[in-house]
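Below is one structure, written out as structure tokens; the observations come after it.
Labels run A, B, C, D and E following the written order; every chain starts at residue 1.
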């Protein structure tokens, strides 16, 4: 059977998907074991037992200074910032993306601006951001929003802009005003795409979150990673990154699930 | 006339697009003039004349030590890295995206891996990156590639995966093998989307380039920005960022032009 | 593999990393001025002076074996490569910070007012150490302040934010931050002379296999220092070039040099290295680092990392000596034996 | 009184290609106009300009004596050739859409009793087009003919003043097609609609309409096929009047169709 | 010898909805089978399983006695109901695609003389379907009927062993439709094709085919409309034989059609 036509069952697919990941893990273990054999205090590629040791204190023991379980307070702080950043970005992307995509005058006026903002690397202008947003939580959330929202806006605008013209015409002949058309035709059809855009932005969002936490923070996953980078504690960094990947994967799966259950029409077998 | 139906002419659209940008400039000038009146050694929001002064030496004067025009050698170095990073990302996105999108077994095996890589924030693993790729040009290009390629791969895979099933079936009934189907049906239809993905990735690519140059470089736009950031020399940083935005905008327009001239079929009025 | 315990074979190509700091600017200048090539040729070597913009990354890369040597502060030499099991030799003690690091407060010039404030600084760096020493000097404890980790590249920008009321930083950022209206320097490394040392370290195994590397580096260093110390046109030109390499003006650079105590003559450096006060300093640095957990979760005592000093004196675990203060090459330079 | 819809020298071009050339046409209020003509002649293009979806390249279109805005208004309904319905709405949702827009300007959604009333109306229409059993299917789950019927129901339920139909019954079997003929005739009668319908079925064209237009090229240059556009070559008024029964004997179609295939004979003398 | 294509108890379900129920069918080599039936009966679904695009939910399909792989092979050609052509290829490119796949396994592109020969062949086919003037248009620039003709040309030029047509002539005017009838009859004759065609035009169904199948539900439960699926309710062999002339008097259609509208009369006695 031709490769294009081979359908893979659900459980098989999970198994096959795990294979390369397990392979990578094994490769890592071999290289790490090798390096550890040469240098018993190897820091760069620690073995799992070193990671477990390093993490145990962070996960299960209260920090003497703050009286908190560092790992969990890091996770909570980062998730709060990420959630807020994603929520603001998603809402503004929906709003601005729709306007840009469906209203030619808005596109003419603000299209260039959004492209411009999308293009300017925000981390280059940090001092100005500090003035506007200060150094606290606002700044961190703002960096996430500035980092990912313009991309999402453009993506949604592009998607809405390419809705078949017939649909727009049809809606108008059925009496839809601009507002009704946005509410009932554009928004619902933008939703699955919006979820897709959030999924694609998840990686960049973490990047900006970690950058923000690297710049000024007292708690957070990115804070901890950049802090312990000062003494090359890969035995903490690697578990933290794995934890971030796991969190991101869970969010990703959750988004897929939402999209499938709420917008089934967009996932039907397209005949 | 309803807002949805207002078509804006080309020249009008340019004028309207410039308006908010000019407005922002004016706002900047007012605030900057204000701050400069209060504090004559204001550093964060410099006035244009300060920027011109600061840039003159970089743009027009040979550096005594290296005998180079710093601004131009920075630009050249950064553009080379960016170009290489984008080229590698684009090619790998095309290749991997196609395979993931069209071949179910490949998707089952590597889909999870690509998602995983897309999700892991590469800057958290910088030490490992530099160890693997060294401190030279490779690492900088690699950071760009790791930063944007997974997103592009997923985007292309998604697009190819949602090609109407009829087309795939039709091609097979016309005798196309998997290879021919990829070559003649999937690749050409992926191209406009690929250009779109490059456009959307341009912003993140600059972010990663600047991050890489901030860590290890001797020349480059991001290097210079981070070098003078220690002195809060916004009179250099702002022109540099503006220059980056201009370069990015030119690349963006160029990509739009390529897409329109080479893939006209994808831009025809969809009736 | 780049395992440091391996007996490195003799080789001729070396990479030395540096990052921007007043006391280290002689290195890139020496390269541009041809001094590096001159000495390298003399010993039949090829020495590459590599700039790493991000200081921590330069030390990390050295630890990872990507660089044969790196410019580093004494505390970081101890906590990153040495604690990471990489046997490291400090062959040049270049200077100590004599005001290059400082504690800044806004709106008050009394150090004691820092109590209860939020302090922005690069955590776990020499700034942290300086803060600890400053607090100690007025009888405060670390828990009396709240520290916020702030990236060194951004601390100058962050300090302009009205939220930030206290910060610890080093030059050149410190100079920029001092200009902020209402900012006072309430404590500086000038109050603890000789405790924050700037070193050139190389991999011990590489050095053993290639003693010529140590000779060439020491030769380069002292020839360049001699040049930049001159008060004539040439000396000024050298300093101006270094200023430009650091991305700043000659005036600013001179100001930074003024707070850097350079051991311009090798004899002085040798004296400082063999002074028992160095052991005292390193003990204090070590204890601070251990209390902050910088030796990693595995370390059970401050003695986990062993250090060796001239004259066979040691500190900490004698069986695991990974940081060696080696004055042999500086001695050779002092004796004109290079 | 002048005609409701007036086309004056209307032409449509795509780039160099001239599709419609100087079309002059008056359509009276309440007319049922069939448009026939070869494939690619420009029938759909003509509907598009009348709909307001595209502006003609040349000439003017007047509606009630006023220039037509290049915009689609709810007084004109349409069924596109490639039947397009909203993929994110069910059959019922698609049919309700017009009501919801008209009756709930702000939310575009109906609730409570008003919703029930609207649903009842929609269900009646859907039963009439034979989709009474498929209220909750999404378009992706329907056959081609079902989607086409949905598009018809969606347009008819609004009772637009002018109804533009582009091969509306093309994908339907004869039985359902006959039902549709009856339905459209009834609505045309009861609500005084003006209908413009493109079709390839001559019997349908002549059977339903009060007037048949043929669109074709008058001149053809074999070396430059795009040089001349199509125009109205025949304009045939029929004597069918509103209120009269359909000229098409729908009964015979239903009788002779799928239900009883052996009854069908190919009648060579049948000249359509 | 057993039939070329054998369906044994084939059924198709979508979720709870039973569409086709236990279909048993033998189709001989060289047959021309028309399938008629009400909209939504499952005609397209039947074509999809025969094509291999979908696997039947139950039952077996045998081709030449071998189980059919759930995969589309080049021995089966298809024209979909919603004519789908490649949007990124011109008319010529779409038509050449089949040749290029067959004759250039590696590059899927032809060059030089081989390309010229292929183009000549493609142009001939495109002339036959009336697209000779539109070689370089993209699908987005064509009318519905033109796209449908392109899809037909694309499938016919490969001369597949089994040709599956889903309402192939639905969007065509009578003149072109008659040309198409002649074309398909000629190809069926000359290349010994087996044709399975879904159509709503009874005259077409009976005029072209050697056998007419009617697909419909045998039982219908008004309270559970999805409960029973459609099956073959009538299976009518006709006496048309390969090589014989078309039963359809195409001439009369061409004569009586668009070219000369006044000649058309609605013949009420015409029982189709």
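By our rule, contacts are C-beta pairs under 8 Å (C-beta built on N, C-alpha and C of every residue); 3 or more make two chains touch, one makes a residue touch a chain.
The shown structure was predicted, so the numbers you read here are calculated from the model rather than taken from an experiment.
Trainee: Using CA atoms for the superposition, what rotation angle relates chain A to chain B, in steps of 5 degrees?
Mentor: C-alpha superposition angle, chain A on chain B: 180 degrees.
Trainee: Out of every possible chain pairing, which has the most C-beta contacts?
Mentor: More C-beta pairs are in contact between A-B than between any other chains.
Trainee: Can you compute the centre-to-centre distance for chain D and chain E, using the mean CA position of each chain? Integer Å is fine.
Mentor: Centre separation, chain D to chain E: 26 Å.
Trainee: When the C-alpha atoms of chain B and chain C are each averaged to a single point, how far apart are the two points in Å?
Mentor: So the centre of chain B lies 37 Å away from the centre of chain C.
Trainee: Let me have the rounded angstrom distance from the C-alpha centre of chain A over to the C-alpha centre of chain E, please.
Mentor: 48
Trainee: Enumerate the residues of chain C that touch no fewer than two other chains.
Mentor: 60, 64, 154, 156-157, 160
Trainee: Any chance you could list the residues of chain D touching two or more other chains?
Mentor: 71-72, 82, 141
Trainee: Mark out which residues of chain A touch at least two other chains, giving numbers and ranges.
Mentor: Each of 2, 5, 44, 126-127, 131, 164-166, 172, 177, 214, 229, 232, 269-271 in chain A touches at least two other chains.
Trainee: According to the definition of touch, which chains form touching pairs?
Mentor: Touch list across chains, by label: A-B, A-C, A-D, A-E, B-C, B-D, B-E, D-E.
Trainee: Which part of chain B faces chain E closely enough to touch in the complex?
Mentor: For this pair, the touching residues of chain B are 164-167, 169-177, 179-180, 183-185, 188-189, 263-266, 268-271.
Trainee: In their complex, what parts of chain A are in touch with chain C?
Mentor: Going by the criterion above, the answer is residues 34-35, 38-44, 50, 53-54, 56-57, 65, 126-127, 130-131, 134-136, 214-218, 223, 226-227, 229-233, 235-236.
Trainee: Across the complex, what residues on chain B touch chain A?
Mentor: It is residues 2-8, 12-13, 16-21, 24, 44-45, 102-113, 115-116, 118-128, 131, 147, 150-151, 154-155, 158, 162, 164-166, 168, 172, 177-178, 181, 196, 200, 202-204, 206-207, 209-211, 222, 225, 229, 232, 234, 237-238, 240-241, 244-245, 248-249, 252, 269-271 of chain B that touch chain A.
Trainee: Touching chain E in the complex: which residues of chain D?
Mentor: Where chain D meets chain E, its residues are 14, 36-40, 42-44, 81-82, 130, 133-134, 141-146, 148-149, 167, 170-177, 200, 202-203, 206-207, 212, 214, 216, 225-226, 234, 236, 247-249, 252-253, 256-258, 261-268, 270-272.
Trainee: Which of the residues in chain C end up touching chain A in this complex?
Mentor: On the chain C side, the touching residues are 1, 3-6, 56, 60, 63-64, 76, 79-80, 83-86, 120, 122-125, 142-143, 146-151, 154, 156-158, 160-164, 294-298.
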